[in-house]
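One chain, chain A, appears in both complexes that follow, with chain B as partner in the first and chain C in the second.
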Partner chain A sequence: MTLVKEAPAPPAKKRSAAPAAGRRGRRRENLAGYLFMSPWIAGFLLLTAGPMIASLYYAFTSYNLFTPPKWVGLDNFTTMFQDPRWQKSVEVTLKYVVVATPLKLLLALGVAMLLAQKRRGQALYRAAFYMPSLIGASVSVGFVWRALFSDDAVVDRTQKIFGLDVGGWIGNPDYVLYALVALSIWQFGAPMVIFLAGLKQVPQELYEAAEMDGAGPFRRFWNITLPMISPVLFFNVLLESIHAFQVFGSAYVVSDSRCGPADATLVYTCYLYQKGFKESQMGFASAMAWTLVIAVALVTAVLFWSQKKWVHYEEAAK
Partner chain B sequence: MPKNGNVERRTILKAAGASAAALGLAATTGCGGDSGAGDGNVTLRYAWWGGEPRTIAIKKSIALFEKKYPKIKIKPEFTDYEAYWEKFQTQASGGNPPDVFQNAVGFLRKYDKRGVLMDLKAQADAGNLDLENFRNGVLANGQVDGKQIGIPVGANTMALVIDVKAFERAGVEAKFGWTWDEYFAALQKIQDKLKIAGDTGYFAIMYLYDLYLRQNGKAFFTDTDLGFTEDDLTQWWTDGYKRVKSGLVADPKKIEQAKPKSGLSAGLAASEFTWDNFSIRYEGEGESDYGLAPIPTTDGKDTGQYLGSLMMSAFSGTKHPKEVAQFISFMVHDPEVGKIMGYDRGILSTTEQFDAFKPTDPNNKGVAAYEDEVAKAGVLGKITPHPSGADVIEAAFLRIGGEVAQGKTKPADAAKALFSEAKAAFAG
Partner chain C sequence: MTSATSPVANTANERRRIGSLAWHVGALLVLAVVLYPVIWVLSASFKPSKDIIASLDLLPTKPVWANFSGLADGISGISITSFFTNSLMYAGLAVVGVVISSSLTAYAFAKIRFAGRNLLFTLMIGTLLLPYHVLLIPQYVLFRNLGYIDTLVPLVAGKFLATEAFFVFLMVQFMRGLPRELDEAAKLDGCGHLRTYWSIVLPLSRPAIITSAIFTFINAWNDFMGPLIYLNTPSKYTVSLGLMMFRDQEGISNYGSMIAMSLVALVPVVAFFMAFQRYLIDGMATSGLKG
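Entry: the complex of A and B
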């Protein structure tokens, strides 16, 4: 991720001075490289590429893991689009992506701007804010979240002080998804670090010049900071939305492995998991997985297409 | 990497070695099975689900077995219920399930259909497994189409667990032969006097609805299908939702958040339907006294109850069928094992074990007395092995019933959804 493009690296020195020996040496070097990589390559072929191809095939079959897969063509896809629970899972996931991603990025950017200033103990603050992203994916945090947002727990009691009696978020189908959103927002550390790096790259002269012209803080943010960090912003939006589409762990743990109540946290991957591993419909689950891949690819494509309109890449130094 | 472009041979060899080691490692973990060494020793894998007390007891029983059969080693595998069946399914589909495993009536046909379960009749005929001395005909629970694919380790039946203190304070009594109307009247009294709900959410429990259907001459499952109509279920859920609204049944939002505690022991309601051997958990969880009460009836007599049970089953492809049979036989008949296990998996199923274990604590005593009473009342019916897909339907029933309780789905739509999901589950 480079944002203000650095001077191009000097071209690699050509080794043509000693042709035969050099080429052999390079080939040897390549060989060693491949050998070192071979565990990874083997792992990739066996554990990633293989299963992916297999699941693409299963997507067009009826497969319960025990009897051999039976080719059914597009049946899985047509049943899927008509399945009310699948529709629900799409709805829940979209809601989650649309709510959680912007909020998380907003917070990440806000905190990054605070942390970009020179202050004492800055490293400590950065570490503290980054910490939740390190532990956020763990199952135990899911349990903690459940405890925080349950009936008569911290959040509920705090709300009651303000006269909001919801009775806990976890058991309430109208609120429980927002507990997951909160969990996602709380883990804003990774995009924050990237924002920080971006903010550091904004040339200070621009601010000085703007200030001299009488631009206020908001103006400076809108006309300098935002355009200058727009590549970073783009990167974060891309990464975080892809991430949000694949949310699973928190939904699974916070809502007690059933992604409920009343399917309120039935995110896409959770339904996929239930179909595959609880109802043994691996064909259907594979079809769901590939649909997700395509959907995420489409979203990515749209984002890439849109960047022409709002992402500002500074031309390489003139 | 050396900069001069000359890679030492040793480097290449090292890299090759590392790769080979990694692949070799993958290969060994891939096949994994090491049962049966050349010296006549045999290792069997045995898997079960359950809490810690069960695990401790089973491990003790295994130690006894290994002492008696020094050439057979038992390798235990255990998880909680949810994880158990997910893991089992994956193992079984890969042709690598445990040699012996815990099973239940909802899964018999499913895994029989998939060819995973061994017919233990042949081993019984060969004298490696004793099929005598099972109480109250529970051995039939493990039979499907003339095959013996499960051996019951205990027997249990649905019951109503009540908060004894709450019932006393409200001045209501749970008695044999009471009707559903009387039950709901009792709940109303509890609500009026104690300002708490009476029930934790009876209408989402598949096994209870089964009893209700049996009282009315139907059943939840036939051999291949559902044994009731969409209208039946719509009625059941409409009534249920009405009772949530009126406060007779606890607020599902609160029940949800009390988990893993049950709504009853969390004090959210005064009674809860469940399997009688589960009743032991409430004393540990809650602060009141808990007791077992009879299932309400339609006609003042028939409760629709039957004895369900946990079983031991064996993998059809095990390399050691004889040893597997010996192990199962030991676990269900040995009196010492009966003493160790107690009623954790239900009332002990064979007379040897039943006679060997005399409960001394009030919980186990209560369970024994309850089942005695039920048996004496002569209401026990016969259980039929559920069709393949029953496990998926049970989960769907709980989920969709929960949506009804939350007011998120109308009973008629909910019933329709269940039927459509059941159709898919039976086909799977």
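Entry: the complex of A and C
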């Protein structure tokens, strides 16, 4: 399995065995290396590092695109923290991340365990379950979702059968966020495939031995499956939560172009988009972007810190 | 062992068959729920506009073609083919850009020993975790100052400059897995790096390159935020923006055509997926790539 843990290669200390070794050869290798990766270097400087520095600067300025940025110190941040709509966007985003991520991973793991069994047509099932992950980001699916969850449509009518009458989810500020959550869960195919790869690595002998010892399915899951797939679980939690923090398209398309009603789906990036591109408050939007970076970095750090407690890496495994 | 004469084997066989049946029933049930929205849009596109929301029937009572023929009119004077051409241009350029720039960069990381390689590799992996939104505003300012708003340049520039670290990472992993003897033999035969890249490493890396190409195509086709920010003129809109325009201008009155166009917009993605799903899913499993 080639997941994160194998990513960085050990530094190549061994000198090349080729005849061109030596100082001139090494210089030529350096030149070749930098030439080959010059697209990336240009991209990194121009489109990543440069913009990062610029946006850090903008975050401390008042900038509307038309007049030069004006230094305002921490003003953007103090305004931001006191802005009720910003607070609302943080609340909406956290709710979305905390509800959608675990449910999505639970479903992904459930289906992965189902598909891990050797059955006929396995590849076909796997492909079918993966499909929503690919089309889920499109505006088309946003429309479909809108139609399914609107007043008097399929979801509404189905729940009326069970005596739950909330009207359509789309128009209801208490429910519309959960329509987005449902859309996110629906795209469980990507983490599912990663879980499947992880489940395939679990040695079958462990289950046989446990069964011999009289361990039931629940014990086997808790004591074997879960620890054995914990590295993949960690990877999925990390990736999916970072992803969830950045949700934009579905909120914009499914609820409505203002991420409403009543700001109910005003996810963080939607507010950032409104501030930056609708109100031309580039400084404020940059301050928001950096706050997001810090939040994501904190979540990543906490997850990496916590993995010592629950992620089991096999030391001897190759 | 599987002889039917032994009663023990018989019950075991039977139990296995029941287990297999239960598995298929369970899997199909979950699949029905998961694929319901896809089946729904397929069926809704053949329903009259007024039935689309209201009717619960999974099959249209009387299938109509009107929704599709209505598409020929386009939206406020712009034909549907214009949106598709724009999306195809965007996706096509994105694929070319990613394949060229990422494979060159990946070759450098995987096959050339140059000073600072590990540091740069760490930097590249680091960009994977960086929220894109922090770059959004300064990139917009940059492209605006360069006069590239309302063109495809801001959307594809990054693809030609290997900023999609996922694909570089995917190709590096793959190229590292290629037998070292091959490129060492090429070197002994006097091949330079360019030759080794072009005639040995690139052809052998086909699975990783196809995976990246297909994912790039699908991501560009689905991209919404990029076109939303950078494209202003409706005749330059991609399919995503065309769909939004449809909603804003035709609204509920022409719901049928909107759903029909949603379906048509999904066709390239689903077709690509069907054709290459094996590559995609395996690539996905090895790299944790996002769809």
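Here is the rule we use: the second predicted complex is superposed on the first by the 282 of 318 C-alpha atoms of A that agree within 3 Å, B and C clash if a C-alpha of one lies under 4 Å from a C-alpha of the other, contacts with A are read in each partner's own complex, and residues count from 1 in each chain.
Operating definition for what follows: a residue touches a chain if its C-beta (ideal position, glycine included) is under 8 Å from a C-beta of that chain, and two chains touch if they have at least 3 such contacts.
Everything numeric here is computed off the predicted structure, so don't read it as measured data.
In the superposition on chain A, A:V302 makes contact with neither chain B nor chain C.
In the superposition on chain A, A:L106 contacts neither chain B nor chain C. Of the two partner chains, chain B is the only one touched by A:I170; chain C is not.
Looking at the shared chain after the overlay, A:L74 reaches neither chain B nor chain C. Touched residues of chain A, counted separately for chain B and chain C, are more numerous for C.
Judged by the touch definition given at the top, the superposed model places A:F235 against chain C, while chain B stays out of reach.
In the superposition on chain A, A:P39 contacts both chain B and chain C. Shared interface residues of chain A (contacting chain B in one complex, chain C in the other): 29, 31-33, 36, 39, 42-43, 46, 65, 150, 257, 277. Per the touch definition, chain A reaches chain C in the complex via residues 1-4, 6-9, 11-12, 16-18, 29-34, 36-37, 39-40, 42-44, 46-48, 50-52, 54-55, 58, 65, 111, 114-115, 117, 119-121, 123, 125-141, 143-145, 147-148, 150, 152-154, 157, 186-187, 189-190, 193-194, 196-197, 235, 239, 242-243, 245-246, 248-249, 252-253, 257, 269, 272-273, 276-277, 282, 285-286, 289-290, 292-293, 296, 300. Contact residues on chain C toward chain A in their complex (touch as defined above): 20, 23-24, 26-27, 30-31, 34-35, 37-38, 40-41, 44, 52-54, 56, 100-101, 104-105, 107-109, 112-115, 117-118, 120-125, 127, 129-142, 144, 157-158, 160-163, 168-169, 173, 176, 184, 187-188, 192-193, 197, 218-219, 221-222, 224-225, 228-229, 239-240, 243-244, 247-248, 255, 258-259, 261-263, 265-266, 269-270, 273, 277-278, 280-281, 284-291.
Across the complex, chain A meets chain B through its residues 15, 22, 25-26, 28-29, 31-33, 35-36, 38-39, 42-43, 46, 64-67, 84, 150-151, 167-168, 170-173, 256-258, 260-263, 277-281. Residues 1, 4-7, 11-12, 15-16, 18-19, 22-23, 26, 82, 85-86, 89-90, 92-93, 114-116, 251-259, 392, 395, 399, 402-403, 406, 408-409, 417, 424-425, 428 of chain B are the ones that touch chain A when the two sit in their complex.
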